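The same chain A turns up in both complexes below, where it pairs with chain B and then with chain C.
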Partner chain A sequence: MRILAGALNRTWLTIIGLVLLVAGAAWLLAAAGVLAPLDARLDPGATPLGGVEDGLGLEWLPAVLIAAAALLALLALAWLGRQVPRRRQAPTLQFHRDAREGVTLMDASVISEAVARDVEELEHVTSARAVLRGGRSAPELTLRVVLHERGDAQEVLEAITGWVLPRAVRALGAPLADVGVEVAVTRQSRRREHVRVQ
Partner chain B sequence: MIEETSVPPPGRDRGRTTSADPAARGRLVLAERVVEKVAAQCASEIADVGGRSRGFLGLGRQGDPSSRPRVTAELTGGVASLSLELGVRYPASIEETTQRLREELRHRVAGLTGVEVRQIDIRVGYLHQGASAEERTLR
Partner chain C sequence: MSALRRRPARVVPAVVVSVVVLAAAGAVLWAAVVRLSEGSWWPGLEEGTRTAGGLAWSAPVAVTAAGIVALAGLVLILCAVLPGGFNGARLRTPEPDDDVVRGRLEAIVTTGGLATLASSAASRVDGVSGVSSSATARTVLVALTTPLRETGSLVEEARSAIERRMEECGVRPAPRIRVRARTKEMS
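So, the complex of A and B:
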């Protein structure tokens, strides 16, 4: 139902891992003296940081370090912000044919709620949530159905396919490009005050 | 602010003849609210269209298929633009229902008030899934 930043996390962790791996391997090679023939400063006995004190006195260095730290902090915050799960629900749906005659608008959540209520009418369904994504011409529907442990998941899926989805398609006036159903099982049941007998 | 528009009286000269020019006999002035009420009533008579219950001080308003939709009219001369907030019975086709409503409103509001309706903006606020008008619930 909610989209996490999994791909972004994998990409950045791979990049950071590779950078650290290369740096660690270089450090080990330098410490073993393997890189000494390439540069005298890479000799294990050399003191490559000997002249650092002179460089620390540079006037522009603190400003550059502060700017670099601020940039890193912003990148880190942006990455942290992307960890918040997103629903990415479709924006407002448009149903008009000719905007010059007037527009017809409906929030995607309105039909999502109607679909969820339809699912909750099914036998042994404790609760349901629906999210509609994509545009009106190719909408994608994701359903999360919580089923009582006595319920038959196959029956519920058949009812969703045979009754719930056709109603949604009829209301939308467009076929669903993609449908995802997530079924969870619970021991809690849902009592109803009404039952439809005919 | 109340906008008003002057329109020729509909159904004039019905059943009687007069030699005087209607414009010379007087003017018929309609306020915005009149057009709004007429449009709301016409919309509520369309199948699959409903409004919202009043609630208390605007709070607790719920979808009510037997209520009239909320209509806002904007008059410019003899032409009106309408904005409606309504509910549609689920799973009726939203596009077909609102298109039918638009055509019906344009025709009926013009017929009843003499005001031409040019643009009708519709916002569907809820989808009604309860019993239809023909169904009843036993308690």
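So, the complex of A and C:
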């Protein structure tokens, strides 16, 4: 139902992993003397970080470090922020053809909640959630249906296709572009069907 | 539409790496601000850079650190490249009318759902006193407990019941069902 940043994570993990692997492997090769014939500074006994303590005296260094660290911190924060699952619910749906003749707007959650209620009416469905994505002319619907363990997933899918989706399409005034149904199964009954006997 | 059936998003390694980068950036930022406000670097940093400056390529500390860095890089690449299992198995879907769904209708059952379906079917087999199941998109593992001493026919019966249940629900392709039974004396 919710969208995660899988492609972004794979890309950045590969880039950072490659940088670390190349840096670490290069140091190990230099330490083993493999790179020594290329340059005298790559001799295993050479000190590659020799001038680094002198660099601390540079006047402009703190300013450059502040800028670089701030940029890095912002990038890390942005990446961290992308780990929050997103619904990407459709914005407000516009039902008018010409705004000069009048405007009809509807929050997408109104339709998605109505669709979820329709699905919950089906036998053996314990609960349901719906998310509508895209625009009104090409809406995409994703459903999460929690089915009781005794329920028949095929019956529920047929009822969704034959009854729930046509009602949603009538309300939207346009056929759905794509539909996804995620079925989870529970051993618990619907709360409103519980009867407590004392 | 983003695919319903997907592989892990690698959220845990992404969070770990971004927090480490954030902490490193914060430390550098703090050190640079202290340098600007007090006119000198933090003594520990000066000591550290002096030590690093004297390290040769082949110094044991440097080689150990380089090995750790290379290993961390390899782990991150494996995290990114290894595909991981799908979050669910496909379900057979009815054909919707073209004026209802123009594109495709996709349905999946979650791996947790597969395990629950298997447990539910196995628990209704006579002679089963307890069930626990786990599932991937392709394989369902079911562990039964039973008071029966001879478990061969019970395992077959449970496997058939689970396969029938998967077929009824339209799980495509049908997952491999592995059933184990353990005799547990009733007290």
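Please note the rule applied: the second predicted complex is superposed on the first by the 190 of 198 C-alpha atoms of A that agree within 3 Å, B and C clash if a C-alpha of one lies under 4 Å from a C-alpha of the other, contacts with A are read in each partner's own complex, and residues count from 1 in each chain.
Operating definition for what follows: contacts are C-beta pairs under 8 Å (C-beta built on N, C-alpha and C of every residue); 3 or more make two chains touch, one makes a residue touch a chain.
This is a predicted model, so every value here is computed, not measured.
Superposition note: with chain A as the common reference, chain B and chain C can be accommodated side by side.
Once the two structures are superposed, chain B and chain C can be ranked by residues of chain A touched, with C on top. Rounded to the nearest 10, the superposed model shows the Cα centres of chain B and chain C diverging by 140 degrees about the centre of chain A. By the document's definition of touching, of the two partners only chain B reaches A:Val110; chain C does not.
In the superposed pair of complexes, A:Leu20 makes contact with chain C only, with no contact to chain B.
By the touch criterion defined above, A:Ala171 reaches chain B but does not reach chain C. With both structures placed on the common chain, the touch criterion links A:Val181 to chain C but leaves chain B unconnected. For the three-chain overlay built from the shared chain A, the minimum Cα spacing from chain B to chain C equals 13 Å.
Contacts from chain C toward chain A in the complex involve residues 1-2, 4, 6-11, 13-15, 17-19, 21-22, 24-26, 28-29, 31-33, 35-36, 41, 45-46, 49-50, 52-58, 62-63, 66-81, 88, 91-94, 96-110, 112-114, 116-117, 119-120, 168-170. On the side of chain B, the complex with chain A involves touching residues 81-82, 88, 90-96, 98-99, 102, 119-127, 129, 137. Those residues of chain A that touch chain C in the shared complex are 3-6, 9-14, 16-25, 27-28, 30-33, 42-53, 55-56, 61-63, 65-66, 68-70, 72-73, 75-77, 79-80, 83, 133, 138, 140, 142, 147, 149-150, 152-154, 157-158, 161-162, 165-166, 169, 175-187. Of all residues in chain A, those touching chain B in their complex are 95-97, 100-106, 110-111, 113-114, 117-118, 167-168, 170-173, 194.
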